[in-house]
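Have a look at the structure below before the remarks.
Order of writing sets the labels: A, B and C. Residues in every chain begin at 1.
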Amino acid sequence: MPAAPGYRQRQVLMDNDRLRRTLQRIAHEIVERHSDQAGTVLVGIRSRGVPLARRLASMIRDAVGVAPPVGALDITLYRDDLRMSASQPTLRGTDIPVSIDERTVILVDDVLFTGRSVRGALDELIDFGRPARIELAVVVDRGHRELPIRADYVGGVVSTAREDIVQVLIEEEDGQDAVVIIKPHDALGELSSHATRAVNEKARKPSSPRAAARRRR
Amino acid sequence: MSRGVLLKGGRVVDPSQGVDASLDLLLRDGAVAALGENLAPDDADIVDIAGLVACPGFIDIHVHLREPGYEEKETIATGTRAAAAGGFASVCCMPNTNPVNDQAGITRFILERAAAADCARVYPIGAVTKGSRGEELAEYGDLRDAGCVAVSDDGRPVSDARLMRRALDYARAFDLTIIDHCEDPRLSEKALMNEGAVSTLLGLSGVPWVSEAMMVERDVLLAELTGGKAHIAHVSTASAVDAVRRGKARGVRVTAEATPHHLLLTDQAVKDLEYDTSTKMNPPLRCDADRRAVIEGLRDGTIDCIATDHAPHTIDDKMIEFDQAAFGIVGLETAVSLCLDRLVRTDMITLGRLVDLFAGAPARVLCLPGGTLKPGAPADVTVLDLDRSVTVEPSRFLSKGRCTPFAGWNLKGAPVMTIVGGKIVFSVDR
Amino acid sequence: MTRFSGRHLLGIEPLEPADISALLDTAETLREVLTRPIKKVPTLRGKTIVNLFYEASTRTRSSFEMAEKALSADTLSISMATASVQKGETLLDTARNIEAMQPDMIVMRHSSSGAPHFLSRNCRSAVVNAGDGAHEHPTQALLDAFTLRQKRGRLQGLRVAIIGDLLHSRVMRSNLWLLKKMKADVILCGPPTLVPPGIESLAPCTFRIDEAIEGADAVMMLRIQLERMSGGFFPSLREYHQRFGLTEARMKRAKNNVLIMHPGPINRGVEIASEVADGPYSVILDQVTNGVAVRMAVLFLLLGGSEVAS
C-alpha cells in the first residue's frame, strides 16, 4: 500500500556535485574501455537517459577531443506493460542519427530497476540494425531485477524496498541535479557506500573475483 | 337488470358535461346508469376509487394492430390488451394489414378477433383505395355496413389529387371521414428523418416540412371543394397546423390529430439517442418551432385530439441500421402518462382539456359512441391516478412492440383502471 | 500532455481540441516508425483488429491495414460486399459473430450513417469509424489536418475552402468539425442543391467557387459521387466542371503556395482538372502517406493505453 504523500520521506542520495562526479567517472570508464570513440554511439532511453547521454558525450569530448554521436530511444512502443499503465502513454519519439551497424552502442538510462525498460530498448535497437556490441550505463542500480540484465557502467548501487521510488533529477528535465529516494513512512534505506565502491571496482575490473562472487550470491 | 358497478369516492372529470367534481358513477347493462353524489344502489359491486380520477373511456383513433398479416408485430389480442393497460377503452385500427382492410370480409374478421379478445373496443378503419394502392376507390358502403368508422390509406398518402377529390366526395354518401397521412411522396423519397440542421450533422437524408404542409393544404382545399370530411393524421409541422387552422376558420370540415411524440420530442432526439431507431417514425420528429406550433394548435383547438400512431414492429425490424429500420414506435402504453406528466403537470393544458383530447374529441371526430359519461352512454371509463409515479419500461409492455424513445422516462400520473362496457379489463393493484 | 478521452472513435464532433492535438502529435511521432529499416514495432502484439468493410474502399482499408501491421496487431479484413450480407445476415448478427472471436477493435466502413454507433452499443470491442454514410470519416479529417499542419506548421487561422458535394460528404462534415475546433477559418462552396440545410450555421457558404478560393491557404475538393447523381442535383458534369470545378485559372485567386487536397478517388475533369491534381501544389499523395501514421495514432491511443486493464 503506498503511503499518503504526507507520510512519505525523501532523502537526497546524491547532490549535484556528486552526480556530476559520478557521470564524470562513468565517462572515464567508457573512454578507458573504448579508446576509439569513432565506433561508439550513446543512446539515451527517454526521458532522462537522453540528457544524461548528452552530458556523457560532452565529458568524453573533453577527455579525448571527439564526442560520440548521441541518439534517443522512446521505448513506449516496445513496452510490455502498456496494458497495466495507469494513464495513456505519451510518445516522444525515437531518433537514431547514425547507422548503428557494427558500432558499439552504449545505452544510457537513469535508474536500473526491473530491467524491462532495457529489454524494450534492446528490442528496439535491434530493429534499427546490427550493432557490434551493446553496453549499458546507469546512474543508479536499485536492484529488484526481473530479467537477466546487468549494467556495464554503474554510478551507484542502492538497496531499496520494491515500493520505494528512486529518482534521478536532471537540470534539463527537472530544473535541478540530484538523486533522491522517496520511501513510505518506514525506515530509510541508506546509500551503501560499501556497495557503491564494490560495484565501481567491479566496473573497472570486470573479471574481479569479488564481483563475480557477489553476482553469484 | 344485471348487477351494476359503482365507482365510488372518485373525482369525475367529464368535459362533455362540464363536470369536474367528486361524484359516484354507476354502470349497469353496459351503459352509464347514473352520475351523482352519494349513490347507494343495493345491487352493485362497489369499486372504491377514492383519490383517483374517473373519465370517459379514452379512445385512440390511430393504432396499427397489424392483424391480419403481421401477427409477429402485434395481434388484435395483444394490441387491445396494451390499449387497456394504457387507459384506452377503444382503438381505431388502420387498414394497412395484409391483406389490406379494403373489403367487408376483412373488417368482419377484425371485429371477430376483437370480440374474441374481449378487451378494448376495436373500430376498424377501411382503406381509401383498393389495396391502398392509390388507384381505385374501395367499397365504402360495404365497409361502413361491416363496421368501418372511417377510411384511410395510412402509411402512405393519397397522392393523386383527383382520387382524393373523388374519395372525399363519395364518402359523403356514407358519412365517412377520410384520414390522410400527409406527405408528398417525391419530396419524402428516401427520407429518414426531418430535414434540417440535425439531419445535416447526422448525415441522414431528410424530408422537408413542406412535404407535409403541401399535402395538408391540398386536403383542406379538396375538403372545401367537395364538402367531404378530411382528418389529418399525425400533424407534425407548424405550416400544417396553420393550414388546418385557416381551413377551420373558413368552415371546412377538417379535423386533425397529434401524437405524444410530436408534442414532446424534436429531431434532436435522433442525435441525442445516437441514431437509435426508436427515433425513426413517419412523420419524423421535427424541429422545436414545429413542436411548439403543434402544442399551440392543441391549446387553441386547431388540433382536435391526441392519437398515438401506435406502430409496433419486431426487434428484427428495428435492431438494424437506421436507414434500413422500419418507421414507427409503440404508443398505447406511454401516451397517457406522457401527456399527464409533460402537458398537464406543466400547465400547458388543463386536465379537463386532456380528457377531452383523449375521449370526447376523438369520438366527435369519427362520430363514435362514447367519449362521455352521460347516462345512457357506453359504460367505458378510464381511471387515472394523478400521483402515481411510473417509469417507462418497454420490457413490461403488453404490446409485442418494444420500440419507444421514451424508455427510462420517469413520469407522474398514470391510468390505473380501464372499464369497457361496464367490465374492468385492466386494473393496477394498489 | 497526451490525452484522448474516448473508447471509440466514432466521429470528430465529440472530440475536444486536446484530443485532436493528442492524436496529431502522436501521429507525428509514429510517422518516424515508417522511416525505419524495419517498419514495425511490437506495440499491439497480441491484439486483434477486425476491418469490417461494408462499402468498397481501397485506400482507407489498405491504410488501416498498413497501420495495424506496423503496430504488430493481428488483422482480419472482412469485405461484407462479398460476404454474409448477401445471405441476409443482419449487422447485429455479424457484430455478435465477430464479437465471439473476441477482437480488441473493429474498424468499420458502412454506407449507413450511424452504423458504427449501433455497433459500439452492441459489442465490447473498441470501434473506429472508417466512414459511415454521409455522417463522418474521422481518420480522413485527421490525416487532412496532419497534412495541413505538416505543410503550414499550424491549423489555427488557416483559411480552408471545402468545395463540392457538401450534401453527401462525410469528409466535409469531419473536416468541418475538426477545422472549427482547431480554430481554422472554413469556407464552404457547392451548388445550392448540394448544400445541406443548416450548414451555414457552422461555416459560411458560397455558391461562387472564385469567392471560396480567394486567399485560401488550402482547398479541399470533394468527390462528386457519380452514382448519387440520379437525384438531378445539377444539369450536367460539363456544367459542374465549368462552374464548380477546380481549374488552373481559378487557382490564381488562392494564396501563392496554396495546398490542393482531395480525399480521393479523383474524378479527373469533373471536380478537379488533371493539371491541378498533378500540379506542384497538390498534396494529394502526401495525404495518403500521412493516413498510415494518423491511423497508427488512433490505434495506439485506443488500444495502447489503460482501457484494456480495467
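We take it that contacts are C-beta pairs under 8 Å (C-beta built on N, C-alpha and C of every residue); 3 or more make two chains touch, one makes a residue touch a chain.
Predicted, not measured: the structure shown is a model, and the values here were computed from it.
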| item | value |
| --- | --- |
| Most widely separated chain from chain B, with each centre as the mean of CA atoms | A |
| Distance-to-centre winner among chains (Cα means, whole assembly as reference) | C |
| Centre-of-Cα separation between chain C and chain A, whole angstrom | 43 |
| Intercentroid distance (Cα basis), chain B paired with chain A, Å | 77 |
| Residue numbers on chain C that touch chain B, as the complex places them | 13, 90-92, 110, 112-115, 117-118, 121, 132-136, 170, 173, 196-199, 201 |
| Chain C-touching residues of chain B, taken from the complex the two chains share | 195-206, 208, 274-275, 316, 319-324 |
| Partner chain C, residues of chain A touching it in the complex | 74, 76-79, 82-95, 123-124, 127-129 |
| Touch list for chain C against partner chain A, complex | 1-4, 25-26, 28-30, 32-33, 36-38, 40-43, 71, 300-301, 304-306, 308-309 |
